[in-house]
Amino acid sequence: MSTWLAVLAVGLLGSLAAALWRVWHGPGQADRMMAAQLVGTAGVGLLLILWAMGERAALDVALVLALLAALAAVGFVKASSVDGAGDPEEEAPDPSMIKGRRHDP
Amino acid sequence: MTVYAVTGALLVALGLYGLIAARGLLRRVVAFNVVGSGVFLMFGALGWYEGHTDPVPQALIITGIVVALSASALAVGLVVAHARVSGGQVLEDDAP
Amino acid sequence: MTPLIALLALPLAGALMAVAVPHRGARIAGVVVVASAGALIMLVAQWGIPHAAPGGWGAPLGIMLEADGLALAFMAMVLAVMAGVCATAAPMRELPTPFWPLALLAWAALNAIFVSRDLFNLYVGLELLTLAAVALVATGGDKALAAALRYLIFALTGSILYLAGVVLVYSAHGVLDVSLLAATLPAPTDRVAMGLMTAGLLIKTALFPFHVWLPPAHAAAPAPASAMLSALVPKASFVILLRLWFEAMPDAADDRLLTALAVLGALAVGHGGIMALRQTRLKQIIAYSTVAQIGYLFLVFPLAGGDGAAQPWAAGAWTGAVFQALSHGLAKAAMFLCAGLWIIAVGSDRLEDLRGLARGLPMTAMAFALAAITLMGLPPSGGFTAKYLMMTTAFASGQVVWALVLAGGGLLAAAYLYRPMGALFAREIPAFTPVPRYLQAVPLVLALLAVGMGVLSDGLYAFLQLGRPGTAEEGL
Amino acid sequence: MTLDLLRLLLTIALTGAGLVFYVAGTLGLLRFPDTFSRLHALTKADNLGLGLLALGLAFQAPGWAEVAKLALIWLLALLAAGTVAQLVARAALGRGAR
Amino acid sequence: MAVFDLALCTLILLAALAAVAGPGLFRAVVFFVVYGVLIALAWVRLGAPDVALAEAAIGAGLTGVLLLGAVGRLSRAGADEPLTSRIDWPVALAAGLVGAMLVWAVLSLAPGPGLAPAVAEILPQTGVENPVTAVLLNLRAWDTLLESVVLLAALIGLWPLARGGAWQAAAGPVHHALPDGVLAGFGRLLPPVALLVGVYLVWAGAYQPGGAFQGGTVLAAAGVLCVMAGLVRAPGMAAPLWRLALVAGPGLFLALGVAGMAFGGFLLFPTALAKGMILAIEMVLTLSIAVTLALMVLGPPEGGGAQ
């Protein structure tokens, strides 16, 4: 069992490393952010495996990580909205913005 | 677990380089956090003994993490305010 | 509540109250000053070494606090400076409200550092001090932001290096208490640990060549904040250095290393003095003077450390350095508070704008002159006692070169302080906004205290020997 | 005895399947040509991966409290991944990213 | 698992390298967020789950919001990072020297149990069963009291940076979001769960990993999310209640510490009362930490926003 868990852990770490590759190569900010999200999910998976290996408290760590994993991405979408405090969903249907775009060269 | 202690030491070196050599101010804040976590990692790994880590370093590390977070928050606030005023995120070498 | 705990808890409680009731900040600070003075008088009257073990555990599990002569003397100096700062800052409308909680937090951190015997607790205290001090610089407004940032980056580098050293100490010895460390066998990693901690603290103390953050930060802050920053903040990390080298790990001392520290000190005296000569703004001059004055402190390491620690004259050199730190604190606070009042009076700290101001604000000019006497090390000031003690040690131990540094530094100080004095006492009738007399009296009191330290040096000398490491009987 | 064996086999099978989905998601992340298809592959695959992993490990849980925590962790990860995928996609669209 | 540890350490170093020296500020910050996840894993491997919890909550959660928000604000201020690709050799040499000394020191230190046996011995007298909480809230309570004040100092330090000097205004910019959108929905779903988890961490911290700081961070994250989702207005310091929330934790801590003098010493919690006193301090401290952290992450008041 523990051998299998170790194999799983190394495999998941490989998946995590691939996500790091995508964070590096991007190319867009969205790609990097999504890859970071995958690192979070892989991290949660790894914590579950460490829990199964006998580290009892790893489950709570996984809980906290799963709970807060999305926060950085939310921070990202806020920061990349027009005024830095908005929401990408608000901006798409905003008529003034569409009008503004039409006048763009 | 020596590998974690060595990693911590290397993180300290890496972070120190960034903290001193980088010009971008936010980058230096990031580098400071890397040094901090390197020191903590060293501390924790050196306190590891037969499957557990000495609770005293653990407690000190948690205190240290809070202190580092506080410092980072103040630093980020200053960096943003400085950028708003000066339009840049570098310190001009005004000191003679 | 024991007076020792009161000294720690009062500024802390004051800071919390100043956050809860912000518009009463000045009044709260006033109460803290008065109550702390009472506690301090009780402590000094006991004439002993009070200590406390928060939680009742004691080292190594708990933290030990101890108010030896050194700690008490510094806490008294801080109290005097804070009283002056609060008195002058209270009527200043343009100070932002957060000034008060920040000033009280810095005070709490200083007291916590002076009495702490635990290396990690010292780290937390240092960080509290740093954040409060940087924020105090930032109260200077937009023009102070770059200086505050530079200060923060240096200070954070310093504290993280210090912490790395603490980590090595704990990992090697399993204790963090200064007294317990002194009793442990040396470990091979102690050199690295001491090197890291010392390097970190040198950055925080702004010793040459790590001083570049200090003049812009101290000059950019509002004058009451500058007074605290220049007079008090570098002293905290210096006290930790004293604790490390003279109490925790005297065995780690190496003559070459101690000499190197003093060489940096000598360079600081020279560089700070010359830079002070070249400034045109008073606050810049005073700030560079701090760089120079800090340099003197580091002469203590070869004079009283290493082989010198075993010699009878060690007490003289060690006490001399402490005298220097204390008298510089009082004098420097007086100078910055003068500068603040003059900025109120004429709206600038350019030397040409200060011409003839001695006629308008005679008490402040008097205060500045007295403070200058202390910085130059002329009798009968506390600065003179400091230099006298260090010089006699230098001659007694055959390290004449450091005596030359002391003498040369005094001449430089005379040179760079002559310019503002010349401007102040110029025969001109300036136009200025009047400043209330009681405000003018504040820096005068501080400067008189700095001079008084020299006049009453016997009692202070004896007091400082309470709990002095390796106490020697050799007196003045 | 046999029940333990069954649980062990289930754990190995489910966690193995979970790993396969993780790897599939990762491959999608590495190989797919544009942001949106990568995004799509990613959320689907790694959520299933984590779900199978949690399910498999649940058979090793000492009590129901742990099983409940495992379920909660998976639900939170699902919620987070779904939200993040939508928001990040919109942010990318709004900026005219590929 | 040696392979796993080695691989994890390699990834940690690579992520740190990218965060410190990789080109592009945004990428560097994303790498730093990822680095937090990896470090949390390392702490679990080192048998330090209390630290792992703190790192997961901060490194992977709050720091990400803080830094990514800063990247956005900097780029809106037109303050881009200067491009530098060359290596500063003197600094690299100095940093390398420090690193080499540390590696040498780390390798020459023999591992030992440290103070762990001594802590285990007196643990029954501390009122808690988790040794880390015992060290934090009882043995070294003075450190922790000062630390809670450090947090406060950093927040007060942000006040002078408020736009137009209006430090009592609501923290950060005025956040808004589509009322029925995904973000708002997320902001409604997550905080109740986070509230439960946060309280659980504090309460459970007495006998298992967790505690005021970890719980407070989770609560702070919930609060920040509520504000960012446009559901609630960020608190401002004009309201006495919020100012009280900031100081309540350190205030109670200090007050009970001074009250301990009646039992024989500063911050002394007699064994019979220790559990209750520590839990009371932790609960209130959690609240203060949560409010302080949330305000810190939201940033100094920016007035009415850019609109």
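We just call them A, B, C, D and E in the order they show up, numbering each chain from 1.
The working rule: contacts are C-beta pairs under 8 Å (C-beta built on N, C-alpha and C of every residue); 3 or more make two chains touch, one makes a residue touch a chain.
Remember, predicted model here, so these are calculated numbers, not experimental data.
Colleague: So which chains are sitting against chain A and chain D at once?
Modeller: Both-contact set = E.
Colleague: In contact with chain C and with chain E at once: which chains are those? Just list them.
Modeller: For chain C paired with chain E, the chains in contact with each are B, in label order.
Colleague: Please find the two chains that have the most C-beta pairs touching each other.
Modeller: B-E
Colleague: Centre-to-centre on C-alpha atoms, which chain is most distant from chain D?
Modeller: If we average the C-alpha coordinates per chain, C ends up farthest from chain D.
Colleague: Please identify which chain has its centre, taken as the mean of its CA atoms, farthest from the centre of chain E.
Modeller: C
Colleague: Would you kindly tell me how far, in whole Å, the mean C-alpha position of chain E lies from that of chain A?
Modeller: Whole-Å distance between the two chain centres: 20.
Colleague: Please tell me the distance, in whole Å, between the geometric centres of chain A and chain B computed from their C-alpha atoms.
Modeller: About 23 Å, centre to centre.
Colleague: Indicate the whole-number Å distance between the mean C-alpha point of chain B and the mean C-alpha point of chain C.
Modeller: That pair's centroid distance is 27 Å.
Colleague: Can you give the whole-Å distance between the Cα centres of chain C and chain D?
Modeller: The computed centroid separation for chain C versus chain D comes out at 57 Å.
Colleague: Give the residues of chain C touching no fewer than two other chains, as numbers and ranges.
Modeller: Only 61, 120, 124, 127, 131, 134-135, 138, 145, 164, 170-171 qualify.
Colleague: Residues of chain E touching 2+ other chains?
Modeller: 45, 47, 50, 62, 66, 71, 73, 98, 102, 105, 109, 112, 114-115, 119, 139-140, 143, 147, 150, 153-154, 157-158, 161, 182-183, 186, 190, 193 - these are the residues of chain E that touch more than one other chain.
Colleague: What are the residues of chain A that contact at least two other chains?
Modeller: Correct list: 19, 29, 33, 35, 40, 60, 63, 67, 69-70, 74, 76-77, 80, 87, 89.
Colleague: Every pair of chains that touch: which are they?
Modeller: Those chain pairs which touch are A-D, A-E, B-C, B-E, C-E, D-E.
Colleague: Could you list, by residue number, the parts of chain B that touch chain C in their complex?
Modeller: Residues of chain B touching chain C: 12, 16, 19-20, 25, 28, 32, 35-36, 39, 42-43, 46-47, 56-57, 60, 63-64, 67, 70-71, 74-75, 78-79, 81-82, 85-86, 91-92, 94-96.
Colleague: Can you list the chain C residues touching chain B in their complex?
Modeller: So the residues of chain C in touch with chain B come to 61, 120, 123-124, 127, 130-131, 134-135, 138, 142, 145-146, 148-150, 152-153, 156-157, 160, 163-164, 167, 170-171, 212-213, 215-216, 275.
Colleague: Enumerate the contact residues on chain D facing chain E in the complex.
Modeller: 72, 76, 79, 83, 86-87, 90
Colleague: Which part of chain E faces chain C closely enough to touch in the complex?
Modeller: 98, 101-102, 104-105, 108-109, 112, 114-115, 118-119, 122, 138-143, 145-147, 149-150, 152-154, 156-161, 165, 167-168, 237, 240, 243-244, 246-247, 250-251, 254, 257-258, 261, 264-269
Colleague: Please give the residue numbers of chain B that touch chain E in the complex, ascending.
Modeller: That would be residues 1-18, 20-24, 26-27, 29-31, 33-34, 37-38, 40-42, 44-63, 65-67, 69-74, 76-81, 83-84, 86-90 of chain B.
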